[in-house]
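One chain, chain A, appears in both complexes that follow, with chain B as partner in the first and chain C in the second.
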Partner chain A sequence: MDRGNVYMGRILLVDLNKGTCEEEELSQDLIEEHVGGAAINLALYERYQDRDPVVMGTGLLTGTFAPSACAGVLTGKSPVTGRVCHVPLLGQTAVELKYSGFDFIVILGESEKPVRLWLHDELAEVVGAGDVWGKDVWETVEKLRFEHGDDYVQIVCIGPAGEKGSLLAQVSESYWGSRDIFGLGASLGKKKLKAIAMRGLGSLEVAEGFFDECVQLKNEIASGRIRGVQGLVPILESLGADPEGLKAVQARVHRNVASFNCIYPYNSFVMIEEDPKLLKESQKKEPGLLLTDPAGVASLLFLKEGLPAVLRKINRLGLDPAACGRILAKQGVTDAGEAEKSLAAFLVEGFSLDGQGVENVYGAAPWPLSVGLEARLVQAASLFSHSLPPQPALASFEDFSAPDDAAGRARWWLERQAACLILGICPLSALLSPELSLEKMAGLAAKACQWDSLTEDVIRGKARQLVQKTAALAEPKGKLPSAWQDPEFEASVKGLLQGG
Partner chain B sequence: MELAVESLKCTGCRICEYACNYHHDLDCSANGASLMLHRTEKKNYFGMMVKGERNLMLARPEGPELVAPGAQVEGAGASSKPILMRAPCDRCEGEDEPFCVKACPTGCLFIKE
Partner chain C sequence: MQEQARRLRIGIYAGEGASHSWTWFVDLLERFNYLRIRFVQEQDLHRHLPDLDVLILSGGDTFEVARALEPSGPQALRVFLERGGLYIGSCAGAYLPLNSSKEHLSSFNFVRAKINNLTRDLPAVRALPLKFSTRYGCTYVIHPVREEVVVRMAEDFPVWGGREVTVPLYGGPPLQPSEDIEPFAFYSGFTGRTLFLTDPEIAERVYLGKIAACEKSIGAGRMVLLGPHFEHPGFPEGNAIVEEWIRWHVARTPLRRLPETGRREENAEGCLLDPLLLESLKKEVSNMRIRAAALARETVYWQIGAKVYEPEKILHFVEVVWSRLARLKAQRGKTSEPGSGEPLKELAASCHARLRELSEKVSRAQETQELAEALFSDLRRLTAAFLESYFRTIARGEAPGRREEASAQRTMHRKALTRR
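And then the complex of A and B:
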């Protein structure tokens, strides 16, 4: 196996109590045992479990030519669910992490004073964050990019919600919302870690023939199921979201944006204070925002034309839009101005869905539109972010040759998410394109690093193990929504998590 | 034969930069690419810049423009400067098709005869 084709070969250990960074080699053995991404994250989490670690890692193929190889993953114990969880990082974040020279970062302990982390060109520093603590997400990103003199610096950070310890706090990916519905923003806030800024000029070796194979699969995907479709709205449409709300959002869409090397551009920029048809650069400083989170948008659709402005405020405060939507709906708020004002009350230590009387799955069920049994099962499992749809979108289970029964489909979903987060393949793209099969992903992974024994079966086995090991690490807190509580359902969830 | 950009088709995935670099340096990175995505993220204003033999093509959403290297260009921030030090695009001399064109998922990059 050729490590240099897929990884930089470095793990960074950040001790926040001491304010130090130490490097460790990413050994060939660790890769051979766990492959990459979420599985290595979990191994590192277990190794340092007594220091409440949050691990940020990249998949085996992250940042390579493999189609949709944008994904990284944050692993930590969710203060919301009590479970260890895996949150996908999409956009450019994980690619920048790998090219900064670090494949995995393990964040240990807590700092006394606010700090931030700066990773660049194989160097890492813990620096004071007094200058950005108290600032919202957009101000923080702006200030750090200005300070480092580079707009391409990628930043994982928290806003006021995380600083104050609200359980609705989300880790943000630069300006935009992430897929963190597990309150990891509150975990970083507790550690007083305001931001991780990354920029790198690293490079990976490329195996003979790998580029051409990637291009071939890209062509199959582009001419397949997603052909001629773009943006977030069609995804939500295919899941049965409110057409009127979607129409209001679509009317504001400017241009759709793809995450690194993704064929389907599922992020949609919406203009608020500008004509969506504008081609020139806007003269306004902040004319709109990028919609990145399917569940968050689905959850806020009842605000109709008011959605973009409210979501922009939610992103700036570093809150989880899916949870905010559930609470605002429960409060009967439909006016955008009133909704924006209501958000201030969410920035309080320990603030949660539970306290607001919103029924939820271990604190975090954002899919009011999912009523299928398989969708309820994967939400109850609560290991991977259900910011992503709990089922295929723009395609059906049949298109993916997934099993016919609900438990089988839920297992298929969990294993697909797990495999993607191990390999670094975008887990949302993998719900849109049946052409991006596990067999093809495994073939590219084996080719990328000349690892012949890395087969589809091996990856499926690692994915199963990841599900079982993650679930076994911590008991969930909270309870299922009343309508879901029945012994058969609970037994099915248990079976899924134990690999039964 | 020139590399052309239909900027509005671009979705900003950046794989063209890595593909171009692969042609020049035979590795996977964006450091040596002759083209670069320029993006003002908060305004969703983005397009491609292609380093030519004698000039720089700015493929803006509102249309392409050729400028002399080093010219003061509105809207191109300091982050875009490295493009000036890169090798110019040679349309992947010796290959059947430029790598950026091959890798682009939207058809925004193509060869104009």
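And then the complex of A and C:
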């Protein structure tokens, strides 16, 4: 069976200098060699490296019935760390991208004037963004959904932070931010690409028997480790987050929402302007906020009841919440009103954690909750976003049969992230459910496109290659936190990235 | 004989009063490789009929169709039938030729048969009150069921004789026996998917044993009246029966070729393989498709004449165009005659603008009746104009139709892994 059948078969090349779009076939060779997701992203990045590309891609299984098959990836050179990085897209974005007819988008060069991209039904248009440049993230999303006549249009966009070139700028998936801690929001701002809007009414073909296997795995996951638990708060609780802060957040939770085909609903909607016990639809325009970012929420827990309102402002401005939390904490801000006012100062070109005297990991905000060696090793690698926990949550390393030593665990985390981002499986879900093993993921991938030789070992090999090749492309700039600066530690990181 | 049938010149009425079910006939005919299809508006029926062998009139608002086809339509239809034409009327198209004293309808009066769903006293409605009855003078035409019904084909119907098939019913007539008609299908039952709009006992009295489909010979031609929508795409057996009926008509009727009228057929719709025209249409129709899909999620409807229109019908028209546009591949060197693609482009742009205005007003809970009426009229015209050009393109062998495509391209027939 044609491998391409779980793909739409199209790569879109967007030349922002010329304002043009060109299509290229997603070849069987590319799929056979790299499988998908972050690995194909990287191959495309390397091919067009001299044009400072940002690549947005989907995994082999993205958009299928495979449990947690929501993930896509943004790959680009981080203006924060200097490294090529892979940021998971975990909302509806990647699914909509694939169904709009495109598997990968390569964004090349820079536009003279602000532009946006509209992808629909295998069509791509670069249009002027004068109508949304200068607007915050929420205003941009609303305007574009109204423009295209459908609330299901998915939008990846930047806010004022990205437009102004702040290094805290985050690419946002619709209203709710993203896992971007690497400043790719600033990269898009430099390119004057305000937004990518997508809407797809396409369909995918998968092999016979695939659906039944998906249902079976879904049932295993649902009755496994995550049974009886839901929401972001239990995840943060299991990782040692501030209990008082969590209590204040939990008190405002209205509902928990799962990403596309994810079994565990790790996004929590908290009410700000409404009673969290409200059952009927709120009449308020903006009653609350969806919490999607574990690191961001953990970094802001010191604000307690004030967290949702401040995080809403951060999301609207298109800032990285984890970095904002670090700076606000260092400034001694405890009041939500004061915090919101302080954010305006972050919207300056080149504004960074370093510039504020805040300890960071090559410029990026550290994961707030763990000081374990494996967590530090993973963050020092700086290849995959550590806005996701650098360790399992709701479960232990032992539950996942991960190695006992720190280096082994860090390698396990990197390979698991890489494998998920190749296949299009949510890497956060993969940290919650030992049932979602690499063997099962590979099995589903093989079944979906009748690719018998796509085994667990092959996927693990592709994952390792992805880590090594990404690391080899550029060295990080900046420094590690002072407590981490140690020749042995740095040698461990090097070994990790070279496949040791 | 099959080859002869394929050469039939078929007209499908897509003018005032027609709803959306005429597009089901388009799908059916294309699937069976009848490609010589024209789309007829109310003002030019009398002009087209001399060049047609078959005229199809599907569902809609019978009163509105009758009004729109006057004054020249009825006489033109009679001449067409006398010389050997085949008229296929389903649902509203089956009501139209039945004898009536009502204004506009009385101009037709081709068939002396009575309907069995007429009543003076409206029974209690259980579901879909807006679709249950239509005022008819001081009486009501009632529709006790919708969706699936079972019909039994008469023994002497070719191939399907004696068999029961399920077909959908959306307001079409059950007829009483009459010497003026030859029955070929009878309502014989209901299924688990039949929707009863009133007491099932009433439904049984109205339908069971009554005529679901029949024929009447008029001159050298004939009228085929179908109560249910045999042409619905979800019912392949019904479709096959329609196709069989067409072939049976050909077998019984020598096709008389009238001299060509001498009128050159203008390619007013443009060359669909012209890259610029194709790209422009695809963008416009895709944007409409997205907006229409969103509007289909709204709880809104419009009463236009005797019919109720839901937003899903907007999406239906757009999909009819889109599904074919998506298959067409631009060809280098193919260009439209200067100005010839403009009417189609303008019509698409106008539909899109109206749809946009409609969806914005719906989102603000503003009045949209007039706008909806104008939009549905535009959509019919756009769909018909596009299909006219499309069938000319595939009939010339310049692009794959659905049958050739089925074997040519695997990727076109995907098992849907649909969302939403």
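The criterion applied here is as follows: the second predicted complex is superposed on the first by the 495 of 500 C-alpha atoms of A that agree within 3 Å, B and C clash if a C-alpha of one lies under 4 Å from a C-alpha of the other, contacts with A are read in each partner's own complex, and residues count from 1 in each chain.
Note that in this section contacts are C-beta pairs under 8 Å (C-beta built on N, C-alpha and C of every residue); 3 or more make two chains touch, one makes a residue touch a chain.
None of the values given here were measured: they were computed from a predicted structure.
Novice: Quick check for you: in the superposed arrangement, does A:425 touch first (chain B), second (chain C), both or neither?
Specialist: neither
Novice: When the two structures are laid over each other on chain A, which of chain B and chain C touches more residues of chain A?
Specialist: More residues of chain A are touched by B.
Novice: Touching A:378 in the superposition: chain B (first), chain C (second), both, neither?
Specialist: So A:378 meets neither chain B nor chain C here.
Novice: Between chain B and chain C, whom does A:125 touch in the aligned arrangement: first, second, both, or neither?
Specialist: second
Novice: Would you check which partner chain A:148 touches, where first means chain B only, second means chain C only, and both and neither mean what they say?
Specialist: second
Novice: Just to be sure I read the superposition right, which of the two partners does A:201 touch: chain B = first, chain C = second, or both, or neither?
Specialist: both
Novice: If we overlay the two complexes on their shared chain A, which of chain B and chain C does A:445 touch? Say first, second, both or neither.
Specialist: neither
Novice: Is A:459 touching anything from chain B or chain C once the two structures are fitted on A? First, second, both or neither.
Specialist: neither
Novice: If we overlay the two complexes on their shared chain A, which of chain B and chain C does A:66 touch? Say first, second, both or neither.
Specialist: Neither partner.
Novice: Under the contact definition given at the top, report the residues of chain A touching chain B in one complex and chain C in the other.
Specialist: In chain A, positions 63-65, 99, 149-152, 201, 203-206 sit in both the chain B and chain C interfaces.
Novice: Please name which positions on chain A make contact with chain C in the complex.
Specialist: 2, 5, 9, 63-65, 95, 99, 120-123, 125, 146, 148-153, 199, 201, 203-206
Novice: Mind pulling up the chain A residues that touch chain B in the complex?
Specialist: 63-65, 67, 92, 99, 138, 149-152, 174-175, 201-206, 211, 214-215, 218, 221-222, 230, 254-263, 265, 269, 271, 279-282, 284-288, 290
Novice: For chain B, which residues count as touching chain A in their complex?
Specialist: It is residues 8, 11-15, 18-19, 21-22, 25-29, 31, 39-46, 61-62, 75, 77-79, 99, 102-103, 105-106 of chain B that touch chain A.
Novice: Using the touch definition from the top, list the residues of chain C that touch chain A in their complex.
Specialist: 282-283, 286-287, 289-291, 293-295, 322, 326, 355-356, 359-360, 410-411, 414-420
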